[in-house]
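See the structures that follow.
In the two complexes below, chain A is the common chain; its partner is chain B in one and chain C in the other.
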Partner chain A sequence: MKLLTHNLLSSHVRGVGPRGFPLRLQATEVRVIPVEFNPDFVARMIPKVEWAALLEAADHLRLAEVPKGPIQGYEQDETFLRKMHHVLLEVEVVEGTLQCPESGRVFPITRGIPNMLLNEEETET
Partner chain B sequence: MRTSAGRNGAAGLPEQEIQSLLSLFGGQFTNNQGTYGKSPFWILTIPSEDIARNLMKRTVCAKSIFELWGHGKSPEELYSSLRNYPVEKMVPFLHSDSTYKIQIHTFNKTLTQEEKVKRIDALEFLPFEGKVNLKKPQHIFSVLEDYGLDPNCIPENPHNIYFGRWIADGQRELIESYSVKKRHYIGNTSMDAGLSFIMANHGKVKKNDIVFDPFVGTGGLLIASAHFGAYVYGTDIDYNTVHGLGKASRKNQKWRGPDENIRANLRQYGLEKYYLDVLVSDASKPSWKKGTYFDAIITDPPYGIRESTRRTGSQKEIQKGIGKCPESHVPVSLNYHLSDMFFDLLNFAAETLTLGGRLVYWLPIYTPEYTEEMVPWHPCLKLISNCEQKLSSHTARRLITMEKVKKFENQDQYSHLLSDQFLPYQGHNSFREKYFSGITKRTAKEEKSSQE
Partner chain C sequence: MSDVQEATNQLLHVNLHENQRDTHVTESVPRSESEHLRVTIGATVPTGFEQAAADEVREKLKSSCKISKDRGKIYFDISVESLAQVHLLRSVDNLFVVVQELKDYQFKETKEKVLKDFEELAGKLPWSDPLKVWKINTSFKKKKTKRKKLNQNLSKEKIDNGRDKREERDVKKELSNNSLDSHILDYYEKPAIKEEISTLVGDVLASCKNETEESLKEDTDPEVLKFRVTCNRAGEKHCFSSNEAARDFGGAVQDHFKWKADMTNFDVEVLLNIHDNEVIVGIALTEESLHRRNITHFGPTTLRSTLAYGMLRLCSPQPSDIIVDPMCGTGAIPIEGATEWSNCFHIAGDNNPLAVNRAANNISSLLTRSQIKEGKLSWGLPIDAIQWDICNLPLRTGSVDIIVTDMPFGKRMGSKKRNWNLYPACLWEMGRICKPGTGRAALLTQDKKCFTKALSGMEHVWRKVHTVWVNIGGLHAAVYLLNRTPLAFVHPSGQDKEELLSAKND
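Take a look at the complex of A and B:
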């Protein structure tokens, strides 16, 4: 699971609503895989990123060199975009968990794939 | 433009594909003919040659596009039409420094070499000043003769003759290169490659888009979007399918191999860089945060026939036959009513699509009861097209394309419940029974008639 994805996920446990974001990330196995740098795509993603959530997740993965927020003129700033590219797309959680901050419910990540399924009792109606 | 009208047996698909692509490239076309759909030749007015080229880089329905210089129902009409074509438009491609060749294409008829040469000679009145080069000409001109579509009834003379300058060919070979037959990872209901490209075109997928498939299966639809430069997400309720585990869909193969999963499929075509993530998730209970970040949602939801429709429920049933994957632990198996599934899908699309983003999906219908009013609607989504593909004598599926035209507000979530349309589609909830009952009736009939 990439950090871009983590930034888009929220808990849908019953009654939790917007307090289900962001999910608390823990990882027991992380890998870094190179992905071709596409500055246009990264620039497109910047406005969609929730920075606090990203920084928290990056912190749990002990990533260094994570920009603290968008900078002025980021669309043309290759250094900034490359850093964001790395953080959002090249770091993958292979084994770990995502935890709902409100209910404590844990969603496992196995072989890089999160399992978000809940029982009926747990879900929103 | 020459197309493969109705190649997949889905009416209206080529027209809709071209319309969607033209709107993607900022063009509109006017159809000068009115008979398009029946003929494999269409005359379109397109604003520029660049737009035409961009169109051809995407379409799988259209075979080739030509700049039309003249046409008619007989050679005389063609020549007269050519004489009326403005010379100043011809000259740039005919001047003495250029090379060219003229080809004769006859559709549904074969001509002898002699007959072809005669036709080329008849065009001598055109002001060609360049040199003929049969191997690598700068400009290719084509005479296209249309002898109809019925191979059992070939007329003496063509219905129509066209003369034009060849501009570009379409992407028909994608269908072969991305064929499901050669794909590493397939499932029981993997989408035909041609249709998956058409769906991506209906979705106006473009570079740097994010495309999502909430019923991703083996990821076939993601491949087409990735091919056009979009980054892709998929979810599916089936743990094994998402992970690429469990029983294989190929004949003679028992279990899926390590190279069989969605990511591997993208890797097979050199598209792995567009893979974002796949998740095990229930489409009726999505885990996405509030916001608009999908540029297109392109999907083929289960119809309940070859794959069951499911959503998570209480722990009444234990998953059987899990085999190697005991941890798939899906506390599943509520019947997911088809009407609920489509309304969930439309709501989800209305919430998460960017404005102008598209939803493209297949809607199964029971033909004897289908009416247009049944097509699910939503106040934020505009219906762009609805193309039918027959599945059996009494069932079909419709490729529905919708575009988000209004920002989503909370109350939009429930407005469909007030609609009369909600009730008619509910009849389709027993789609599965109707599908199978149709087969049972037919088998009974066949048995009866064979006994007589």
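Take a look at the complex of A and C:
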């Protein structure tokens, strides 16, 4: 699971609503897999990123050199864009967990795939 | 993993990557042959997506297309140097080079006379340029087959890996613990389906073996080619059958070229396409691949990649768009997306753990192919897989730009009764996660009645802009292109949502 995906995921436990974001990320196995750098893609992604969530996740993975926010003229700044590219797309959580900040419910990540299925009780009224 | 599952994996792998890009064909054609040689190429495309295919041809080959009245076919002119690029088109199923197009063909009144005309036609056609193209094309295919075999062997290794076996067993244990509806439990496990697939697999493996044997022994006599004639006939007023036409035309072709007729192991496939008063003679440049055709018919609901491409294209993906398939099955759509629109981010999700695992396997197989092709070690793609429930998507509201999915038809997977509840719930959740104003969705379904009803209750969220009628293995289906209205989604309390959904079902 990439950090860009984590940035989109939110807990959907009944009653939690928007308070289910962001999920608290813990990882026991992380891999770095290079992905082709596309500056245009990264530049357009920047405004869409939820920064607080991204920084929190990057922190839990103990990633270094993570920009704290968009800098002036980031669209042309290749160094900045490459760092963001790395954080968003190249860091893969292979084994770990995602925890709902509101309900405490834990979702496992196995072989890079988060399992977000809920039990019957968690989805019923 | 059982043999059947292993072979199915291989097939799905091959199916999904059947038309994968193969660039860097370095073999150069003697300039005297190829210089200034322009030909007309015909391509078969999924019916309903002719325009999308024409757009792709214009984009990639800078060539304009003629869309045939014979549904599912387009024609365009190219210079022979572009032939390799033609094979890279994602929206076409099969290619052929046109020998001659006979518009307004005058069929004589009796069968004997018509067939005699076909016989005489064979000798009068301008075969030489198309045959040159066929020859050039055959050299491409030899390279492609070798590479395909290499990748099949690689993926086989991955499957044989003990780890994968353990994974499948663990997943199965998980399944029995979860209270999953038996309807959505692994389709592959149903004995009837397993049998169908094993027969199919047997045929394919046998034909693969033949292919290997064939390529091992060099042409004993390179001059005597083997050929067959395939005739497709459509029209009310014909007094002959396609078999008769193929037979007699084929006889004349044989006399003309002194080729050997062979229906299964042929070098040249001559196409005789008859649509009302239009007759087109062509030479096939691709094989009507048995496994791809049968996978869409027999196999679990794997979508063919040309259809996946057409659906994605319909949504006009923009750079950095987030594209989600919330019922991805083995991941055909997101994988096609990640390959062709690598400047977008793709998410493949499904509730079935076996489906998600296969999707993830298919994704990592892609990684392996990239490795070989471009010499890049372990490069990743902008795609992720998640296990989730379509009715309760764990995605932020308004975070997704495009949704493309193949909705359960209720025939092979799920049931029509379930669709009455499923479709409104799907449209609701998809409406929630999709970005208001700019978001869009392309949804494929055969259960058009149920879909239309479900959509009618959601006008404040979804607006239908276009419908494409398609044919999926004989089933008449539709792809609905929807635009997300600018209305922002307001989180209702749990009760409101239940009431709203049940009201829609009445």
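Before moving on, here are some points about what is shown:
Convention: the second predicted complex is superposed on the first by the 123 of 125 C-alpha atoms of A that agree within 3 Å, B and C clash if a C-alpha of one lies under 4 Å from a C-alpha of the other, contacts with A are read in each partner's own complex, and residues count from 1 in each chain.
Throughout what follows, a residue touches a chain if its C-beta (ideal position, glycine included) is under 8 Å from a C-beta of that chain, and two chains touch if they have at least 3 such contacts.
Note that the structure is predicted; figures quoted are calculated from it, not measured.
With chain A as the common reference, chain B cannot sit beside chain C without a clash.
Of the two partner chains placed around the shared chain by superposition, chain C is the only one that A:90 touches, whereas chain B remains out of contact. In the superposition on chain A, A:28 makes contact with neither chain B nor chain C.
By the touch criterion defined above, A:79 lies against neither chain B nor chain C after alignment on the C-alpha atoms of chain A. Look at A:15: by the touch rule set out above, it reaches chain C but stays clear of chain B. In the superposition on chain A, contact is made by A:36 with both chain B and chain C. By the touch criterion defined above, A:1 reaches both chain B and chain C.
After superposing the two complexes on chain A, the stretch of chain B that clashes with chain C is 61-69, out of 25-33, 61-69, 79-87 or 115-123. Shared interface residues of chain A, touching chain B in one complex and chain C in the other, are 1-2, 4-5, 8-12, 18, 21, 35-36, 38, 40-41, 44, 48, 50, 89, 111-120, 123. Residue ranges of chain C in contact with chain A, taken from their complex: 167, 178-179, 319-320, 322, 342-345, 347, 351, 353, 356-357, 360, 367, 376, 378-382, 384-389, 392-397, 399-400, 491, 494-495, 498.
Listing the residues of chain B that touch chain A in their complex gives 207-208, 231, 233, 235, 237, 239, 242-243, 273, 276-282, 285-291, 293, 312-315, 327, 329-332, 334. By the touch rule above, chain A contacts chain B in their complex via residues 1-2, 4-5, 8-12, 18, 21, 35-36, 38, 40-41, 44, 48, 50, 89, 110-121, 123-124.
Contact residues of chain A toward chain C in the complex are 1-2, 4-5, 8-12, 14-15, 17-18, 20-21, 33-36, 38, 40-41, 44-45, 48, 50, 89-90, 92, 107, 111-120, 123, 125.
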